[in-house]
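Each of the next two complexes has chain A plus one other chain: chain B in the first, chain C in the second.
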Partner chain A sequence: MRRYLHGLTVWMMVGLFVLPVVWMVATAFKSPGEILNAGARLWPEQLSLSAFERLLAGEFPLLIGNTLMIALMATGLSLLVSFFSAYALVRYRFPAKLDRAFLLAVLVIKMMPPIVVATPLYSLINQLGLLNTKLGLVLCYQVYTLPFCIWMLLGFIRDIPLEIEEAAAMDGAHLFKRLGFVVFPLCAPGLVATAIFSIILGWNEFLFSLLFIHTPDKFTIPLYLANFMTEDGTAWGELMAAGLVSSLPMLALAGYMQRFLLRGFSLGLK
Partner chain B sequence: MFQRTLLVSALFASSLSLNAAELVIAGRDSSYGDALQFVVDEYQKQQPDTNITLVKRPSNGLYESVVLSMREQTGNYDVILMDDTWAPEFLSNNWLSPLSKQVEDEDFISASFDIGRYPDAGSAAYAMPMVGNVAMFAWNRALFEQNQLSEPKSWSDVLKSAEVISQSADTNGLVFRGVKGNPIVTGFLPILWGFGADVVDSEGQASLDTPEAKQALEAFLAMKQYAPRGVDVYNADEVRDSLQKGSAAMAIEVWPAWVPNLDNPEVSAVVGDMEIMAPPAEVGQPSPMLGIWQLAVPADSNNKAEAEAFLAFATSAEIQKALALDFGMPPTRSSVYHDEDVVTKYRWYPQQAAALSTGKARPRIHNWAEVESILGDFLQLAMMGQMSAEQALKQAQRRIERVIKV
Partner chain C sequence: MLFESRKQLTLLLLPALLILGALTLYPILSVLVNAFGSVDYASKHYLFVGLDNFRELLDDFFFIAAVKNTFMFTVVASCAQVLLGLWLAVLFHRQFPGRRFALPVIIYPMMLSTLVCSSIWRSWYHYDFGLLNTVLTWLGLPAQEWLFNPDLALYSIALVDTWQWTPMAFLIILAGLQSIPKDISEAAMVDGARPLRAFMHITLPLIQKQVMLAFLLRSIDTFKLFDKVYVMTGGGPGNATETLSMFVYKYGFRFFNLGMASASALVMLLISMAMTLLYARKVMKGGKQ
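Up next, the complex of A and B:
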């Protein structure tokens, strides 16, 4: 009985998480008329590709490219900076507990509502002449991604035994060699996991792209999706089709990178 | 009409003398975005040398985006679409550029045009009215006649009619937007004004803790029993659907963009049954709420002359007529409201023009957005039964007083 209840609970939880995704997929394939009149019916009576046709006829493919490029660049920059930062924070002793103060400050920035930092960031980016540019947005996204990456990598680097590095040092490896040939491979699974989450953060970011981008050809996907939910109503078909299509690159990327993640764990490197 | 054509032509001619310009317009999404896109396309047919970029934003995003841009003087935008409640903040910060006398025209319904003047109704205009939104009241004449009821003249009549209809038919007496924030406040304001109360008085001080305001809120709360279940989370979609399906006999607040399909047999079950009029009043005259969307030129724009020419074009009678017929955008010019083609399509336009003429703007205070948010929170708490009308108003009063003092 207990086993049966356990199974039922598990399936109910799975259903809870999967149902919105199923609803998104089903709605994306309904015709506009059926969306309005479907009532509680989940699956479309007749598969319709009209929402996808309308979507792909517009600037959607371009926006996918924009979003992917910005999310990857923001993640690349964050990983680079956070890798060195996390290493320094783990391996070096700072006077007056400055390392802890720094980590706390980073955490506070991450916890702040983004709108609080939006105004000073806007001013800064404007003075740098980077408003309405992808590079400007990549720099702004560091507010989200950098603290996250530092905190994630901190744990992974902390788990690398110091003795391995000391052995490399005794063999004559200087700091950058140790970082490149010892620390980096050992925390590769951590870097991959961090990269996946960081890309997702960048992919879903809305506020900064809303405020810092003002020409439609540089828009990102979340900005585009927001236009389907208006005061006059919600274009459910297009919204769900856009949601479905825009989640595919992330799913593919996560799936591809997961192989490396699993390989890293299975090799027992960590 | 000839004079207006001349005026628009003169503004074009003056802009022609300039080099090819590039205009960036900050606009809204939804039907406003479609309408602005139409205006841009028409303008570019006449001004092929002008490159125009139209940026469509959700309403809140538009506000944040233009405020940041104007505060930092980036010159990003040459034309902005703005809600009339944003004007006090924009104008007191000198973020908008004054418009020339040339753009003024007696054809504009004065309540809609004067809202763009600063600091008072006799001063220079800083914005031109593009969308003549005014909150109206909708009632189903067929249902009223079935129940031997007559047109509601006061909010008390509305309550009595709702009670009768709810008892006798399988229909809700009324419907409104109960979502907290702007929707619930917008629904409540005509009732508040209709009882002779206001959010702030003529001195700009909070004035919600009054017997009139309490009566108004009690009337509003009493309406919930005749509204559909779950009305607390109703927004524009649900109100419009309830009216079109005939499942609600009255809507205490409808906006022009919601009603064009009421007479469309493809989507409406109440073709010819609905009447649209100014909201009732309990004391004095009705006070329909204005929600004018204006076009303005930021002070940091680098293309002011071209931008002003665009404003004149976008608000011309010809364009307003096309926007009304094709996009359901309510005009701001008297001639368009009485145009034969337009009235044939929208039979309630004469009443809407009258409502616009006597319309009342939301309080012209610097931080209306915050005040609206506070009031919206307490209105919903009262609507959910978590506090009485008196408690909600007293607490809202205290919070609003603090915000106004800042």
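Up next, the complex of A and C:
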């Protein structure tokens, strides 16, 4: 009896946590009339694709491409740079415990509220002539993605046995050869996990795109959603369709990413 | 011998140092400089004013409100998330039918972007058509102005954050529970300790570290609160949901008062740094392998 009660409680909690997601999916498939009239009816009477059709006819597909491109470029840059520095932090002997100081500084940057650096970053991007451009956002996103990638890769590089590298060095492989042919392949799974998290960071980022992007055709998805919400209070069908489409990759990856989630969201915690 | 070369070390670190230097260190330093100055927006002329900006902040009714709101939100949301996460972790620690499928599903909220979460809940909070008021009316309870009642709005946003991030506290604490050696929990059972007593005296002390880390991580994160407020209430009604991030944003990008924006940003940075150092002390123990 108590076992059933336990199972029932857990599944009720799971249901409570998933309900908003289910509601999002259901609402995306409702016809405009049904959304406001149906009261608490959860599932649509008739599946309607009209929200998706309207969405696809607008600038949404273009913005998906924009956002993906920015997230990919920001991740590519961060991953490359952090691969070298994480490797140095794990393997090399630093003078005066500078490695710990560096890691701590990186952690502080990762944890600080991004609004702290927003005004100086604005003038910097403005001086570079990169306001309202993809490249400007790619640079700004380094504030999030680079510290994240450095901390995340540390653990993966630590897992690579030193002996393999030493053997390669005995065979005459110098630093960049070892990095390219030994370290890189061995931490490829870690690089993939790190890249996924970093892409998600960029994909979901809101503050910097709000501040640095001004024209609707250059919006990122979060900015598009924000604009949609504040302009049109109850066009929920399209809003939820947009939310659903933009969340699909993450929901699909949830199972795969589960084992990396702790590392990814807590930095340094395993 | 292999990892002694300073030249290689510098070369490997240089790209990261350049990017972080230009995009974070330089901005932080200019916040520091601007916090003690008054900058004319048009001419960019800088005048050192000492602590004037901070004095003005302390006299600023909106700043005090923002500090209070941010503090309330941070404490309420983090506590709710950790307690709920702890409870869920205990529930999930025991086997139940379908556990394998429940685990990936319950973390869905934290996989969604904050903007998607906000849009779902903004719809749910709608006074006339929102799901929550429909349910309340159906139960015979009065409908609520979830986002427009000054006494309620901040907690409505805290509820969204709790929904989105409880899964994270849950995962951290569950990992702690799973690292407890089996014989310890079995010994407690054999001793005939009541479940609640056994939990309070045996289990909880063993996962204390994870609970603290979850609380710190959530506090660091809830302290940043911006996106949800920006799209759900804009800081209103009145200034009921004005947070420190919103305050910096408004002074920096709407009122163009760089001195005040930088001073308040500096306050935020210091608080966030203090929390991060606490976190780092717990996590960074132990040297290199």
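Just so it is clear, the second predicted complex is superposed on the first by the 227 of 270 C-alpha atoms of A that agree within 3 Å, B and C clash if a C-alpha of one lies under 4 Å from a C-alpha of the other, contacts with A are read in each partner's own complex, and residues count from 1 in each chain.
Methods note: contacts are C-beta pairs under 8 Å (C-beta built on N, C-alpha and C of every residue); 3 or more make two chains touch, one makes a residue touch a chain.
Note that this is a predicted model, so its numbers are computed, not measured.
J.: Examine A:131 and indicate which partner it touches, taking first as chain B and second as chain C; both and neither are also allowed.
T.: Only chain B is touched by A:131; chain C is not.
J.: Of the two partner chains, chain B (first) and chain C (second), which one does A:140 touch, if any: first, second, both, or neither?
T.: second
J.: Of the partners chain B and chain C, which touch A:211 in the superposed model: first, second, both, neither?
T.: A:211 contacts both chain B and chain C.
J.: Once the shared chain is lined up, is A:119 touching chain B (first), chain C (second), both, or neither of them?
T.: both
J.: Of the two partners chain B and chain C, which one touches more residues belonging to chain A?
T.: Between chain B and chain C, the winner on chain A residue contacts is C.
J.: Does the superposition put A:226 against chain B (first), chain C (second), both, or neither?
T.: Both: A:226 reaches chain B and chain C.
J.: Once the shared chain is lined up, is A:167 touching chain B (first), chain C (second), both, or neither of them?
T.: Touch partners of A:167: none, neither chain B nor chain C.
J.: Under the stated touch criterion, which partner chain does A:103 make contact with: chain B (first), chain C (second), both, or neither?
T.: second
J.: With both complexes overlaid on chain A, does A:234 touch chain B (first), chain C (second), both or neither?
T.: A:234: touches chain B and chain C.
J.: Chain A residues touched by both chain B and chain C?
T.: 115, 118-119, 122, 210-211, 226, 229-230, 233-234
J.: Spell out the part of chain C that touches chain A in their complex, as residue ranges.
T.: Going by the criterion above, the answer is residues 2-4, 8-9, 12-13, 15-16, 19-20, 22-24, 26-28, 30-31, 34, 88, 91-92, 94, 96-99, 102-124, 126, 129, 131, 134-135, 138, 163, 166-168, 171-172, 175, 213, 217, 220, 223-224, 226-227, 230-231, 244-245, 248-249, 252-253, 258, 261-262, 265-266, 268-269, 272-273, 275-277, 279-280, 283-284, 288-289.
J.: Using the touch rule from the top, collect the residues of chain B that touch chain A in their complex.
T.: Spelled out, the residues of chain B in touch with chain A are 24, 26, 29-31, 33, 53-59, 61, 64-65, 68-69, 72, 74, 76-77, 236-237, 240, 257-258.
J.: Enumerate the contact residues on chain A facing chain C in the complex.
T.: 3, 6-7, 9-11, 13-14, 17-18, 20-21, 23-24, 27, 35-36, 39-40, 77, 80-82, 84-85, 87-88, 90-94, 99-100, 102-109, 111-122, 124, 139-140, 142-143, 146-147, 150, 158, 165-166, 169, 175, 203-204, 206-207, 210-211, 221-222, 225-226, 228-230, 233-234, 236, 239-240, 243, 246-247, 250-251, 253-255, 257-258, 261-262, 265-269
J.: Where on chain A is chain B touching in the complex?
T.: My answer: residues 115, 118-119, 122-123, 126, 131-132, 210-211, 214-216, 226-227, 229-234.
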